[in-house]
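Pasting the structures here.
There are two complexes below, and they share subunit A, which is joined by subunit B in the first and by subunit C in the second.
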Partner chain A sequence: MKTFAYFDSTHEFPEEIIIAAQMNPYKILGKADFSTELADQYIPQFICANARSFLNQAIEESSNWEGIAIAHGCDATNRQFDIWDQHVKTQFLYYIHNPLKTDEIAQHFFIGEIKAMILALESHFNIKITLDQLEKAIQVSNQIKILLQNLSKLRITKDISNSEYFDVLKFTMQNPKKKVLPYLKSISIDWLARNPFPINKHPIFLTGSDITHSLWFELLEKVNLRVVRDDLSIGERYFATLIPTDKDPISNIAKYYLNIPRSSTKHPTNPRIKYILKACKKEKIHGVISQIIKFCETFAYDTPFLKSQLEVIQVPVIHLEREYTENIDQQISTRLEAFVELLEQPQ
Partner chain B sequence: MYTVGIDIGSLATKIVLMKDGKIKALLENRSLHNFTAIGTQLFHQILKDNNLTSDDIGNIYSTGYGRHSISKLTSNIITEISAHARGAQYFYPKVQGIIDIGGQDSKVIKLNPKSSTVIDFQMNDKCAAGTGRFLEVMADALDIPIENLGNLALQSKSPVQISSTCTVFAESEVIGHFAQGTAKQDIAAGIHNSIAKRVASMVKRIQIVEPIVFCGGVALNPAVKIALENELKLKLLVPKYPQYIGAIGAALIAKERFKNGRV
Partner chain C sequence: MNTTNTSTPSTRKIVRMLKSSKKISKLIPWYMLKAKINEYIPWKKSAWITSSLPVELLWGFDIFPLHPENNACVSGARKVSLDLIEYAESLGFCRDVCSYMKTNVGAYDKKISIKMGGIAKPDFVVTAGTICDTHVKWFQTQARRMNVPIYVFDVPHIVNHTSESTKKRYKDYVISQIYDFFDFMEDTIGKKMNEKKMLKTWENSRSLSDLWQKIYEYRKKIPTPVGYADTLGDIFPLVLLPGIKKGIKYFEDLLKEVEDYVALGKGILPKEEEKYRLMFEGIPMWYRIKFFHQLMNYGAIVTYEPYTFSFGPSRPYVDNLEDGLKVMADRMMYQPYIYNLSDRIAYFKDIIENYQIDGVLLHENMSCRPSCTGMYDLKQKIQQDLGIPVLLFTCDMNDPRAYAEEQMQTRIESFIEVLEQSKSKRLNS
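Moving on to the complex of A and B:
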């Protein structure tokens, strides 16, 4: 199956179009070695390292992909399309606008964007993407989301490590969906048979910038912090809601992407905070880890509001700024250990 | 019962021997990038100085940047945050906030006034500005011993502005002031105001209130205390042995967590 890559800074790209086009939608997440050197020639190092790592991977691997789409994400990465256009070798590079708001006008606009992308794909690849194919793609997408929802629930009751959860999500976003479905079913059997949630671990909610490597999840695990809920794109944002099926498939796709758990890059902030608070109350979360990758300021701006709201429901929160590195950061490690000590203090 | 607290900091290692919660002996040395060796050496030294053997010690806790490096010696570890909170309470039981400026990092800790537990904390980012290392680099730039930096700053009547919050750029700024013929004491005072501004931003972020304990090796420098007090418009309490607060806290926690064996 041919691979079509996409870059979105959260979960904005309507991958169902690519599934309908009989290609594998591959989410670009950077290479395993954290390399950014090639991209650093074109993007200054004070810009988000995730974005630089995505460009780095594209410069190196774009020949393996049929084409690339970039979805409108955070404002820091939007204009990077021009850099990709200049320096990434590909036959098909496309920019799809994903609106900041969620109202009717925004939805109408996004429907137009989806239709325009379908036309561009049909024209370039000489294919036809039918409404029937789009409906089938929605079905596949929803099957995957349901399986992921069920797996995610097991994090609360079973011994599922942070990095195992991350690896499942990463696999899902980078592999052909026909391969993903049996994979998720086999993981379900494995996870259902796991031991109960370990008593020495603290159930936490993880929020903030997207985490693209398992190393950070391992660091949390090492200090006995177990992520049982999150609102990350390589996480619950990808599967928390299902694509509606009540209207025509294009309208349904548009509606879905404008109503997923919100990122800080979208307006307004309240729905994001509400999602976190609701999860904290429902799952008896011990604490919230709010982290950003260096220079991901959109999430940093939300931090004081998030902190004040969590104080109301008496859930401790720690805010951390992390580097994009394969090395364990001792200062972050100390802060996490101190946060665990804070959680373990007699009340 | 004897307990020991060892605070292995990035620049200095401090060890405290306590008996039934009272300080018996204190020792410190440069960490010299060999945390295991210096921690072990100080432990044996403090035992020898007090005619004790390791069997006499009920519990040993380590803290600080190198806390994991002497796991063969200690029964457990505790982070600097918890250790400083406990250590500050030893001298000032009603303390509600702590400012600790060490060699490599600075911390602000907020305590619950009722339960005395830690409710929030801030640490500096991966950056030397606002730490003891910043003062060391600046003392080098001024070509004076670090011990004299604080007293020199106190002689100033017209402190300069050090606008940069980065140690490397601040050093360039200091050299620039030198080139303009600015008096050393005015530059030194500007350096202290700069560190105070940096730490004050962390204090304001979590809004600690008095009584506030100022500890860590940098608390030995009177000019930093004054600069911080001026910046925050608050009074700071500097305990006896401010650089030992982490080690004292670790030794106290070692005592409190000792039950029927080392925990």
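Moving on to the complex of A and C:
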């Protein structure tokens, strides 16, 4: 199956179009070696390393991909599109704007954007993307989301490590959906048979910029912090809601992408905060880890407000700024250990 | 290596400016006074607006515009920004977010005087994502903290190869939002748009922009009759007073003086002293305007800035609302500060040729990530295709902690040497 890659900052790219086009939508997440060297020639180092690592991977691996789409999320997407255009070798590079807002005007516009992208794909690849194919793609997508929802729920009751959860999500976003479905089913059987949630672990909510490597999840594991809820794109944002099936498939896709759990790149920002607070109240979360990758401004702006709201409901929170490296900063480890100590103090 | 040109490190004692530019010191207090009075008249409404949006949108509703970016740069120029930034950081806004935003948080909370960059609470805020994420996040944050309504325009980006049909779709989307904004004004603010006033405002704005374009044309002359010390202040009417007659009068006087200068062959620097004509990309370091004066000591003068030019693009005459909104949408979608990379490179090449630019300064502004993206390609293209030297330096427009004095001095000196060599090479060939 042919692979079609995409770069979006927080789950903005309507991958169902690619599924309908009988290609594998592959979310670019950077390579395992944390490399950004090639991209650093074109993008200043004080721009988030996630985006730089995506460009790096694209420069190295674009020949494996039939085409690439960049969907607007934050400044990195629209501003870097032109750099990709100059330095990434590909036959097909496409930009799609996912609106900031969710109102009817935005939805109407997004329907137009999706239609335009379908036309561009049809014309370039000499294919036809029918409504029927789109409907089937939605069905597949929803099946995957339901499986992920069920898996995600097991995090609260079973012993499922942070990186196992992350790896499942990453696999889902980078592999052909035909392969993903049986994979998730087998994981479900495995996870259902797991031991109960370990008593020495603290259930936490994880929020902030997207984490693209399992290393960070392992670090949390090491200090006994277990991520049981999150609102990351390589996480709950991807599967928390299902694609509606009541209208025509294009409208349904548009509606879905505008109504997923919000990220800081969107307007307004309150629904994001509400999602976190609701999860904290529902799941008896011990604490919240708010983290940003250095220079991720959109999430940085929301940090003081998020912290203040968590203080109101008396949920402990720690905010961390992380570098993009395989060598975890000792200071961060120390701060996390101190946070765990705080959680362990009698309330 | 020729070092004779680089031995003038001290700051130029007197920086010549146009006499008319100095009249800005009357216009700004007029605006400030109006802003102050406005605060005390309950039925007078005001709004915060970002530079990505045409301020006429507010004048047409008889809403008094307040411009936090403008106020933030006043704080920078008055050298109080650091204190305000550090205050915002103490609230949890991190070192890496835009220093204008942090300056504004500090200025608002600490209620500093308008003369130092202070700003009043508005009745609502309006912004757009055209230029940067910051504009949206900043206003979201402050609207919440001040408990006032917010309207956000979602403006899609014109990247390389955006087709005409896509641009049309984008424009329709923006226009729909302008109508939606009108509803917001009526429902939330209780204000109806006055079509007649809006048309008049546009016409005045067009006159203002036309004058700005003419003034800019004269910057092509050698020696240049208009320097950066002028344009930095002169943009004020374009930022806040488009549609207001006072700005037009100011620009008319300015243009007249520029024409006189040119007729007499006068320049900001005398002709024999104007050695290098520079283009400056980015927002200036407001707390260190001396940097530009320092350049003049070496005979280097900034004669073009996309930043100041951006505020007064030429615009067509319109006599009806529909056409006016189309022009407005165009302006919201595309202006030099946000050109895509291909257009940005072409634009720079055109300016370098037409303004006889000898060197380009690229301010890699740590506060303004969007504007820095693409600068490496831009630098490479200018150097490679035109053989023009480029100095790319990393700083911040409002945070003096990012300015390394000695390092900057050394870099200026080396750049002047490069300019000298490059210019003689070009003259010889």
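The rule we apply is simple: the second predicted complex is superposed on the first by the 345 of 347 C-alpha atoms of A that agree within 3 Å, B and C clash if a C-alpha of one lies under 4 Å from a C-alpha of the other, contacts with A are read in each partner's own complex, and residues count from 1 in each chain.
Simple rule for what comes next: a residue touches a chain if its C-beta (ideal position, glycine included) is under 8 Å from a C-beta of that chain, and two chains touch if they have at least 3 such contacts.
The model shown is predicted, which means the values in this text are computed figures rather than measured ones.
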Exercise. Please work out whether A:321 is in contact with subunit B alone, subunit C alone, both, or neither, and reply first, second, both or neither.
Key: both
Practice problem: Examine A:41 and indicate which partner it touches, taking first as subunit B and second as subunit C; both and neither are also allowed. | Solution: second
Quiz item: In the superposed arrangement, which partner chain does A:334 touch: subunit B (first), subunit C (second), both, or neither?
Solution: first
Quiz item: Of the two partner chains, subunit B (first) and subunit C (second), which one does A:99 touch, if any: first, second, both, or neither?
Solution: second
Quiz item: If you stack the two complexes on chain A, which partner ends up touching A:75: first (subunit B), second (subunit C), both, or neither?
Solution: second
Exercise. Would you check which partner chain A:86 touches, where first means subunit B only, second means subunit C only, and both and neither mean what they say?
Key: second
Exercise. Look at A:186 in the shared chain and tell me whether it touches subunit B only, subunit C only, both, or neither; answer first, second, both or neither.
Key: neither
Quiz item: Who touches more of subunit A, subunit B or subunit C?
Solution: C
Exercise. Pick one for A:64: touches subunit B only (first), subunit C only (second), both, or neither.
Key: neither
Exercise. List the residues of subunit A that touch subunit B in one complex and subunit C in the other.
Key: 321
Self-check item: subunit B contact footprint on subunit A (complex, rising order)
Solution: 316, 321, 323, 329-331, 334-335, 337-338, 341-342, 345-347
Quiz prompt | Touch list for subunit B against partner subunit A, complex | solution = 65, 78-82, 105, 115, 117-119, 121, 123, 125-126
Practice problem: Spell out the part of subunit C that touches subunit A in their complex, as residue ranges. | Solution: 91-94, 96-98, 101, 129, 132-134, 136-138, 140-141, 144, 150, 152, 154, 156-157, 159-162, 165-166, 169-170, 173, 176-177, 180, 340-342, 364, 366, 369-370, 372-377, 394
Quiz prompt | Touching residues on subunit A, where the partner in the complex is subunit C | solution = 41-44, 46-47, 72, 74-76, 78-83, 85-86, 95, 97, 99-101, 103, 105-106, 108-109, 112-113, 116, 264-265, 267-269, 292, 294-295, 297-298, 300-305, 307, 319, 321
